[in-house]
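Next come two complexes, and both contain chain A; in the first it sits with chain B, in the second with chain C.
For the complex of A and B:
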């Protein structure tokens, strides 16, 4: 790591550790959800690296959430065990689904993943035992560790920060490893990659399973804080938010999606006063970005620089 | 036995709505290669028009139906001009634009109708047709299915017997070759989305007195339309109509004997199976990318 990166990161973490103490209660809540959402978008990025945009990521988050919630509630098993289990379960479901889903590409994959996700979500609604139906399941136990009260937002925020940091770091390493580079190759030069012996099917599956695993963990983190898990939390509406975050932030670099999630979540907080209008503003933002700034927010500095240079050149 | 016949009749009537809703999706995808996620919302706007103009302000039903069709067609044409046309050649971009549009249309509906419980529209055609002594069909449903069949018949005539229809089919087969033959792909795109949106508006207007109207009703519509489109074969209009009838019968049966949610789950599973086993659907041909 370069010295500048180290400096920047330590500054960021110092700020993040101090920040919650200066916030109001609902702002602390907001910070926790934002941190979890960062893991959601970063894990989604891994899935999209191969060029296939799935519409099942939100439901995979739900698979992790339900797994952790139901196991810890019904079998009285500690959160520290159910958290990794949530990831494993989401990964397994993804592995199972990959057989039918990856027989499709592009349009078919999109619709297929939407259908599979919706079928899973409707299963949670239909089978009141054990999932709890439309209202979901509540009274999910919160984590226990020594005497820390994880019902309070600040300790839970630190927990989330640690878990998310580790996961995001792992995802970062995966993307920059040989596997990640191969995934890029599968996306941009799929046929060429196959011709040099890359099994594209396996790599697509790998990305899908790993992405789902991490988003499963994110789901568990979320519901153990709220205390309730319900099908509504993981519907197509939330999936669309994930898409919006990634697109508005920019999907060409690793940090683009994070920028999108942070900026739009803050916008979302500001719009809290005009609850009814919120979806429309989101929709308009999405359309604006895809039409006029397809590179997302991350491409903005470069765009502005280019503009300046062009102006200077035309002036001389 | 009576329940059986009644279920078949209900299913057949339901299939009219599915066909009308799915046709637009198929046409737009065929011609522009865009999955219009906001298509369910077009149906919803059609239904809201009936609620607002007919039920709230007392304009006669039939006039409002025409109004709903015109309004939804206009929205469709605007979407083509400002969203799908700039996104030509970028299916993902078009899809995302339509998702943005979906939110905007839902918010407009919420503003017009306000929050709160779903709206109901009293059926303009009262009374019930009774056949075979026990099978009951409200006249409203008789009217709906008759109009749906007429609309589909006109569409079929338009697509197979007129020059415009040939152009539409030519573009959905091969956009470039059609353009080389001097067909204006932009004009054909406008026709496709115009016709598709008109059908969606009609579906919404016919559905309005028979269902609960709320800003999120488009969700169920789009799921049904996806299932019908995939099972029928992407880009195939006859396939979509056949699949509508099959799926509506299936859904009505499972809903009657089990539950609506199970019906939708099994519909989605069938759709995934079709995608695996026969991605071209019952009537479709492979879509080249």
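For the complex of A and C:
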């Protein structure tokens, strides 16, 4: 199993390193955004582990994005410092918001998180100084390192690949540690967890803060490539995409959300030619999955195996 | 010797209803203390107030002379007072082993840096050992890889106790562990409860099953309409005409 994992991963990374060289310019862009979105869904997964689905994750990404963009632009501070700062700021905002938000659970938490997110997003629109209003802020400096030109997609893709890989690995470690087990416990039976000494409030906060921290980093990665940060990038529309990726991919395992993001983003890219049909097809896909594959794409291999076995048994 | 638990003048008022009225009793170290009474007598309310799942209107709960009234339930659990639940409150989706492993939270909880870097490995291994021990103690070792939801009722109750034991309690609060059990399961559960007491854990038992209560408890508190009707050994309580009347109904 271990050797197989190592083999599979090295194959995957070899492919990812070679891949951008065979792609057209806009496809390289697409690959960068897809890689960033993987970090978005994996960090969202940590938040949902406690059983609370928030609608503020996209805005948290924006908090990181604005932090890094404004600091690097206005104070001329290097991207390599503002990148972690983006995460720290998103984590801090999450910590502050956890006090009012975690007084709510389930549906109320969902709505509460949406309201809090909109409040933050509208602040970016209302306060033209320093945020730049509806149009946002542009001319965000790109990273500098030796003589590498990070305005080019391929070097930036490698940068994103490294940062995202590290973050995803850290999130994987957290989920598979004692902390991950405790988060599951908080989700499945909060009162029982509480009865053996788990402070459920603290663990919900921990998941929310760490998840926001990593999505803040994803936000910084995104806007330093585009060069522009605007409120529109982090609206409820994008949040719905995150939800769809997780639901279609499946939320039982760590890799489900990744599969969802990859498959649907590729589908989306293929549909680029038939612009008018995209929302309809997206909606239909979601309904199809909820009805026929509620376990998400991750449950597909198992389903096929079962079907195969059933067929074989009926044949003999 | 100071009692391990002292309940002093505990009162709980829900609006106009006085659910628990000035209830006081104590639990000695190493004792199985029964809390009985007809339906609606205030047993569960008292129980929840001790475990920190309800805040009393007035009165206090002392654990080894420390006031634990109004503390968060997770803190009371960390202090050594652990409760079980009515029905089968388990992590149904997880395996028996994982269920008990979660119970070791007090000894195994860790911070995020240690978790990511694996610095807590020794602590986690100790938690796994403790889990294995508890599973063997409760006779669940062979079932450890089964999902909790797949266990028969009797074993689910045993698992619930195992989770609590993994938290290394000094005082175990058991909420109707015998409800709905057949005689065979009841006998098994009584043995387990006795074994838990012998391992040095004091127990408060809220229960309707009189056979279990009379067989296990050293002393009983009888509640009726939120007040203490009687407090004494099973034999004393059994022969108290007021208690008999409370159970059979006054005529």
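Note that in this section the second predicted complex is superposed on the first by the 312 of 316 C-alpha atoms of A that agree within 3 Å, B and C clash if a C-alpha of one lies under 4 Å from a C-alpha of the other, contacts with A are read in each partner's own complex, and residues count from 1 in each chain.
Following the convention adopted for this analysis, contacts are C-beta pairs under 8 Å (C-beta built on N, C-alpha and C of every residue); 3 or more make two chains touch, one makes a residue touch a chain.
Computed from a predicted model, the values in this text were never measured in an experiment.
Of the two partner chains placed by superposition, only chain B is touched by A:247; chain C is not. Using the contact criterion defined above for the overlaid structures, shared-chain residue A:81 touches neither chain B nor chain C, since it reaches no partner. In the superposition on chain A, contact is made by A:174 with chain C only, not with chain B. Contacts of A:274 after superposition: neither chain B nor chain C is touched. In the superposition on chain A, A:19 makes contact with neither chain B nor chain C.
A count of residues in chain A touched by chain B and by chain C gives the higher number to B.
In the superposition on chain A, contact is made by A:182 with chain C only, not with chain B. In the superposition on chain A, contact is made by A:195 with chain C only, not with chain B. The touching residues of chain C, counted against chain A in their complex, run 51, 53, 72-75, 77-78, 82-85, 89-94, 98, 101-103, 105-106, 108-110, 112, 115-116, 118, 120, 124, 127, 163-164, 166-167.
Residue ranges on chain B touching chain A, taken from their complex, read 29, 33, 35, 83, 86-87, 91-93, 95-97, 99-104, 106-108, 110-111, 115, 219, 223, 226-227, 230, 234, 259, 261-262, 264-265, 268-269, 271-273, 275-276, 279, 287, 289.
Residue ranges on chain A touching chain C, taken from their complex, read 170, 173-174, 177-179, 181-182, 184-185, 188-189, 191-200, 206, 210. Those residues of chain A whose C-beta lies close enough to touch chain B in the complex are 53, 100, 103-104, 106-108, 110-112, 114-116, 118-119, 122-123, 125-126, 236, 240, 243, 247, 276-277, 279-280, 282-287, 290-291, 294.
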